[in-house]
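A, B and C label the chains in the order they appear, each numbered from 1.
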Amino acid sequence: MTNTADPDLQRVQHTIHAVREQAPLVHCITATVSMGVVADGLLAAGARPMMTETVIEAPTLTTVADALLINLGTLSTDAVEGIPATVEVAVRQDRPWVLDPTAIGLAPVRTPLARELLNSGPVVVRGNASEVLALADQGTGGRGADSSATTDAAHQAALTVAGQTGGAVAVSGAVDLILDGHRELRLERGTPLLTRVTGTGCLLGALTAACAAVEPDPVQAALAATTWMDLAGETAAARAAGPGSFRMHLLDALDEIGR
Amino acid sequence: MTNTADPDLQRVQHTIHAVREQAPLVHCITATVSMGVVADGLLAAGARPMMTETVIEAPTLTTVADALLINLGTLSTDAVEGIPATVEVAVRQDRPWVLDPTAIGLAPVRTPLARELLNSGPVVVRGNASEVLALADQGTGGRGADSSATTDAAHQAALTVAGQTGGAVAVSGAVDLILDGHRELRLERGTPLLTRVTGTGCLLGALTAACAAVEPDPVQAALAATTWMDLAGETAAARAAGPGSFRMHLLDALDEIGR
Amino acid sequence: MTNTADPDLQRVQHTIHAVREQAPLVHCITATVSMGVVADGLLAAGARPMMTETVIEAPTLTTVADALLINLGTLSTDAVEGIPATVEVAVRQDRPWVLDPTAIGLAPVRTPLARELLNSGPVVVRGNASEVLALADQGTGGRGADSSATTDAAHQAALTVAGQTGGAVAVSGAVDLILDGHRELRLERGTPLLTRVTGTGCLLGALTAACAAVEPDPVQAALAATTWMDLAGETAAARAAGPGSFRMHLLDALDEIGR
């Protein structure tokens, strides 16, 4: 049984401040196409990015990181080889890590890899509805990076995944759903412009890892990152003339929110 | 014999609308350096990008794409291995694909690869004059990504390439030339600022693929993409203070043109 | 013995003009995450970027470049394999090349690679204090891409490295230190916002290579690039509302400075 609770927004504010104060080093193995916006977004939020993915360097470098993001988008050969050993180090060192199963479903390598990684206990799994459905083996995924299902359709799948990891699951969409085995939160914030800039989903995953570095409760970490991104998106949308200026204002707003 | 025709601008407008309505999924294997601007440009135009390049995933993922772009810039080992099998799937499934032979000429892998790929019938080949000359084995290419020849100098080479593919060839430059075996169009639009931002040529190739997904005539698809980009460039140039703000306004303008 | 000299700012101005006039082609093997901003920054400065890193193409392509940047950030497998042969060609052809030992220290591949590359005589080594200390085997490096030491702490290490290469060393930070075996310059310009955008350090390395293509004195080339970047940063900071708009204004300002 899960209970729907009101989001604890004071604690969200506290987490955002803690990221700015502690400037966590977030090791990101992420889609090549989104590396730039993920790194700029983390820096705008006050965190620090690190992006090495080779198996010969990534596991060693992750020993000094405060959190790890594994995002399966584009998935280079370097990343396929580097991810398992890097996650193993994070687990051994008790560092929080976040799984973003970008565009799984049809993809023959990342789909089984994502399911296998659930056994290594990501504190948060963040994806869109299609990706969470595919992760729970209840759907064939979306087309490309976009979801073809609603957040509500992925509710049962999210519970299944949370049951496997023991952590939180965050389903992003027009409605954001965050849950673990005990609690359940829904947010209806943000802006459709977030879907008009590449890598904003990847950045949300990275921001979730930054928040998990300073906030031990996975549901609260996911809530803080999602709220941060949604509010920054709303602020940016009010200032933007289109997707290009929205991207710029989004980075400015990540730096402003909650100050 | 070719005839110079007036561009059919009403049909260009129709193609732009169709991209926005149908939001084609465009699979791009492209230069690493330009992935970000290509993805953001496609999203601004209303299309959807997908960027996987490994041979173990790209051929499978391209089965759900509406069009494919192969751009040979930077050319990672993953891309060298992934491109032939991915093009083969696109051809087998009768999906339009566009070849952008970026920086061929001197490069020992991409130059023969580009010539070999002509046999797989790209609906449009888009390049600058030096690249089209090198493709037709009539020149040694430019230096880096820039052309060292004028559009007119590549006219015969463009005809030769069009004869090989049976599709259209678009030569980009201060003057844009678009032709197939029967028709020939020239545009003199755009702005030199387009050469001051990385990846705008790659983005034009991706936009051409997006247009080819909704417009079966290759010449019209190339014309629509070129016009879209040139007009967006002109709009952005009027608003920009330099290359940084031009890049932002270009993305906004891609979203605005023809609405 | 080294003498602290006043920076020759007229010669800096001359170098900036020469980059704009000659538009040097700068071959960059650099961190994947920073490729976009490095390419856009070089274009804004009036230079031209080229970014191929595979061993099957990079050594050939570097034969037409005017300068080479080797940056060890992220360091893909393609780059690990491509760097030694590419540097060898640059040395053989007497082209200036710049080494940016990003995030060395803990990293098991790039750290010995950086030290080995010192034997190939980079005209300038550019890094933060932690990186220069690690290069001289006097420290364990920073965490991620950030320095955990001050510029002054790296003074002796910089002299050691300069002694090994016979070229210049530029230590970037709140205070910038540029020296060779004979001269020593300090700058205290720029803005902390430069640390809030990914890849600005990588861009400074690339700009140094562009300047080295037109200015034979390594100390002057490093001084010109550092001054250019610092002044552009100050101009951009005065206009920016946050790190997103700062990034855009920085590119505009690189195009403006010294005109």
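The working rule: contacts are C-beta pairs under 8 Å (C-beta built on N, C-alpha and C of every residue); 3 or more make two chains touch, one makes a residue touch a chain.
From a predicted model like this one, the values you see are computed outputs, not experimental measurements.
With chains as nodes and touching pairs as edges, the resulting graph is complete, every pair of chains being joined. Two copies of one chain, chain A and chain C, form a contact in which under half of the residue numbers belong to both partners. Matching the C-alpha atoms of chain A with those of chain B calls for a turn of 120 degrees, to the nearest 5. Centroid to centroid, with C-alpha atoms defining each point, chain A and chain C lie 33 Å apart. Of all residues in chain B, those touching 2 or more other chains are 32, 36, 76-77, 247-248, listed in ascending order.
Remark: chain B residues 31-34, 36-37, 73-77, 80, 103, 106-110, 143-146, 195-199, 240-245, 247-248 touch chain C in the complex. Chain B makes touch with chain A in their complex at residues 25, 32, 35-36, 39-40, 43-44, 48-54, 56-57, 60-61, 63-65, 76-78, 247-253, 255-256.
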